[in-house]
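So, here's a batch of structures to check.
Across the two complexes that follow, chain A remains constant while its partner is chain B and subsequently chain C.
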Partner chain A sequence: MGAFYAAVAVRGFRRYATYRMATAAGVFTNSVFGLIVSYSYIALWDQRPHLGGYTQAQALTYVWVGQALLMTMALMGGGFEDELMERIRSGDIAVDLYRPADLQAWWLSADLGRSAFHLLGRGVLPMVCGALVFDLALPSDAVTWLLFLVAVALGAVVSFAVRFLVALSAFWLLDGSGVTQVAWLAGLFFSGMLLPLTVFPGWLGVVARALPWAAMLQVPADVLLGRDSGPSAAGALAFQAGWAVVLLGAGRLLQTVAARRVVVQGG
Partner chain B sequence: MGDATGGAGTVIELDGVEKVFEVRRRAGALRRTRHEVRAVDGISFSVPRGEVVGYIGPNGAGKSTTIKMLTGILNPSAGRIRIDGIDPTRERTRLARRIGVVFGQRTTLWWDLPLRDSYHLVRRMYRIEPARYARNLEACVELLDLGPLLDVPVRQLSLGQRMRGDIAAALLHDPEVLYLDEPTIGLDVVSKTKVRSFLREVNAERGTTVLLTTHDLTDIETLCRRVMVIDHGRLVYDGDLAGLHAVGESERTLVVDFARELPPVELPGARCVRSEGPRQWLAFPASASAAPLVAALADRFPLVDLSVREPAIEDVIARMYGAAEDRRSGA
Partner chain C sequence: MAESAERWEAADAGPRGVGRVRRRPGAAAFQAGWAYLLIVGMWVRSTMAYRLSFVMTALGNFAATALDFVTIVLMFAHVRVLGGFTLPEVAFLYGTTSTAFGVADLLMGSMDRLGRRVRDGTLDTLLLRPVPVLAQVAADRFALRRLGRITQGLLVLGWALMRVDVAWTPVKVVLLPVMLVSGAAIFCAVFVAGGAFQFWASDASEVQNSVTYGGNTMLQYPPGVFARELVRGVTFVVPLAFVNWLPALRILGEPDPLGLPGWVDFLSPVVAFCCCALAGAAWRAGLRSYRSTGS
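Right, the complex of A and B next:
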């Protein structure tokens, strides 16, 4: 069965790779946004040096990691969830359910394929652009980069698991766009896309850093910045893995309950 | 019917199967009433290996619900189902490797992929050995004329082409049982004929057991020796096609051309249903022989020509549904 999921992941990758113009336009957008946000951060860190414990170089690095991971983690949508919701709404999901494959593992493979493409296609170039324009605090040792890649992979799984739960809500709600928007807003804020979660004071910061969205950007960024290194890095990765297990488990449970509802929609 | 003894020859076996859905309805601002919908209400039948069975009934009769239970997507509320000895709800994945399903209104193919790539994923999904895969694909491509379509993305295929692609996809792993849910819906005559002759071939060559739901009775007439009619979740008929006429109290029609215009003729066992100039239409029970009627006519009237028209199966089934409706409202 592993061969099947691998084939699905490869197809997920290729599927997005065919749209070269869209990718080029996306790289341009990411770079422009990266520049705008960078100058805002420079203004902010000039006023408040060491805000959130970051130096200005670290804060700028954080911005470009955010741009690089925006599509990888599908923080503004664009993942598999719309397609799955549409299949649920139309009843096509019945076709998927009788297959000798697991629904969750199937969509996870496809979405990881997409994430991998977006990391390469939409992540690397904006990062290079940022590094050329600004003085970024990028690590020089291979181990940190390797840890960063592991953190990105785990973050992608958590991101999938959250969106899988959101998509399954379509079994109960005829119109899932409300849930999608709430999830999207929560993701944008709690992943640290707007501002690093480390700058939020008190209980808000504590809660924000403990939620699963932190695993999508805050944790990978801190791993890359070396703020989480050694045993601390292990803790960060364990935090991500823990959320991945919990959320995938919840998705599995919900999938079982949802499958019983299949017939109600779409005869 | 209801033969639960099974045996080596039985592939599909249902015994007292029911499916009840609970539907909640708003009955005021907060109050909600619950009521039960019995989509399948006590169905028993068994299908021997290699048989092609038509499973027909009006919309909402419970056909799709039955098929969903047979594939393991839905659990029956009561009763017992065995497909080749497998309990579909308990071993859905194991069962999935041994059955093929074609939904006329949905596709099992990947929209954005060429047919060839879809089949490749199917091969991985069902873990089909390369040699067997190559052999089956070749056979399907030849019989269903898929050659020129293999590199076309599914979304660019016409309905008939897509349907053929879907049928091939359902057969690549050599399923023992094939469920076809309206496989010819929306197809033109040529595509329908192609699909039917292919299915006949598959059944004859591989001995695949086929359960077919359809609204197209030509499908039934060309493919199935046995027909099951379901209505309101119950099996109202299970037998051969000819027997369906008897149960449906259908009538044949004798079209008679007389030498001159005559008043509507009256004969025992027949009645005049229409008359146009010298031509009259006489209806008589489908189970009765036309010979005595023809003899009586020739004896008493100046005949020019006559022909017998068989009842359309649509009418037979419509009558049958009507009869079931009358019984229910009378009870």
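Right, the complex of A and C next:
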């Protein structure tokens, strides 16, 4: 069964790898945004050198990690959820449900394949571009990079779990565009894409750092920056894994309830 | 299908093509504008069939753009000035570029769908209709929800105008609406040029986001924040600096980091006109080079 889902993941990867021109265009756009945001952070950190506990080099690294993970975590949409919602709306979901594959595991595999492609195709080059233009605080030891990859993988699972819940809302709402939009806004803001969550003032920061979206960008970035190392890195990864388990569990529960709602039209 | 591809081309060769009557440019522009309005009206009626959905997506559009401003406010929770500008001054930059970009996004924001039409062949349908293709593409799936962005930009601009410390003169009062209109025209030209680019690179519609959305983000911050070469780039190469930076620096009485002569601050309408002319030329060149997929 594992080999089957691995094959689904590989095809998820290849499906997105087909569009090379689109990938090149995306890399360009990520790099331009990284450049613009970097300069606004430089102005901010010039005045407050240790804002949010980051040095200026660390803050700039954070910007480029953000650009690298924007598509990997599907923070602005573009994952599987639109497709799944369309299948629910059109009724094709009935066919999916009696296939000998689990709905959640199928889409998780396909989406992890997509994430892996976006990490390589859309993440590496903008990061290189950022490192060429600015002084970044990238780690030199392999362990930190390895921990970072684990954190990215866990973040991708949390990201999937949230979007799976969003997609399943279509069973009740049919048109899920409102929920998608709210989830997209929450993701953009609470993942730390606009500003690191460590810079959020007071209780807003405390709440934001406890929400699942923190697992998608803030935690991987902090692991890479070495702010979470040793036992605190284990804590950070456990935070991600905890949310992954809770949200995947909720998705499974909702899937069971939703499957009971499906009424297949005869004829 | 090569034969039909040739026919599309002949149909679009303009006044020199078969069966086309040469018309005065004024009449052609009027016809394009009228067609644009008709198609827009159709999409607005279709949007209004689902009123609740429209209200929700418009609010979402408002909230999405408002997050940009929340980010700036959060930054100012830690500093008093950013790049030499206070919060009301940055809000003035934010409000002017957001309003100008919002108007362009409402009028021309559908241009990034062109690549998809080129890929799946539905552009051919537009070529068959007796209406300029640009008007059809620009009005395609007209999204009234984008009023959300304009509203948000205007609100921030209004707040900035109340709080900003400016000695208003008649010249400055006139400069404000002039810069909003010129800015919208410059962004419209960027959208059209981006659309033209998709005739050659139908998968690369995301490139234009770096100039449209990216440019809009950049113009929200004071020019002093950015590297000199970058400011030169958006002044002389893609002249986004004329959307708000140069006229806004004049209104706010701040020095120009490039040290350009003072009269340049008033050039926005001229620059906007040139951009539109260039974008129009690029569009015609793109349309002429179009070959149908034939499927």
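As a convention for this text, the second predicted complex is superposed on the first by the 263 of 267 C-alpha atoms of A that agree within 3 Å, B and C clash if a C-alpha of one lies under 4 Å from a C-alpha of the other, contacts with A are read in each partner's own complex, and residues count from 1 in each chain.
The rule is short, and it goes like this: contacts are C-beta pairs under 8 Å (C-beta built on N, C-alpha and C of every residue); 3 or more make two chains touch, one makes a residue touch a chain.
Since we're looking at a predicted model, the values are computed, not measured.
A.B. asks: For the three-chain arrangement built by superposition, which of chain B and chain C touches the greater number of chain A residues?
C.D. replies: Tallying touched residues of chain A, the top partner is C.
A.B. asks: Look at A:Y39 in the shared chain and tell me whether it touches chain B only, chain C only, both, or neither; answer first, second, both or neither.
C.D. replies: second
A.B. asks: One more residue to check, A:F4. First (chain B), second (chain C), both or neither?
C.D. replies: first
A.B. asks: One more residue to check, A:A259. First (chain B), second (chain C), both or neither?
C.D. replies: Once the two structures are laid over each other on A, A:A259 reaches chain B alone.
A.B. asks: Would you check which partner chain A:G178 touches, where first means chain B only, second means chain C only, and both and neither mean what they say?
C.D. replies: The answer is second: A:G178 touches chain C but not chain B.
A.B. asks: For A:A22, select first, second, both or neither according to whether it touches chain B, chain C, the two together, or no partner.
C.D. replies: second
A.B. asks: Please write out, lowest number first, the residues of chain A touched by both chain B and chain C across the two complexes.
C.D. replies: Shared contact residues on chain A (touching chain B in one complex, chain C in the other): none at all.
A.B. asks: Note which residues of chain B are touching chain A in the complex, please.
C.D. replies: Answer in residue numbers: 21, 39, 60, 64-65, 68, 71-75, 92-94, 96-97, 99, 101, 103, 106-108, 110, 112-113, 117, 120-121, 124-127.
A.B. asks: Of all residues in chain A, which touch chain B in the complex?
C.D. replies: Residue positions touching the partner: 1, 3-4, 7-8, 11, 15, 91-92, 94-95, 97-101, 259-260, 262-264, 267.
A.B. asks: Could you please specify the touching residues of chain A with respect to chain C in the complex?
C.D. replies: 19, 21-22, 24-26, 28-29, 32-33, 35-37, 39-40, 42-44, 47-48, 51, 175, 177-178, 181-182, 184-185, 188-189, 194-195, 199-201
A.B. asks: Please name which positions on chain C make contact with chain A in the complex.
C.D. replies: Residues of chain C touching chain A: 53, 56-57, 60, 63-64, 67-68, 70-71, 74-75, 77-79, 81-83, 201-207, 209-210, 214, 217-218, 221, 225-227, 230.
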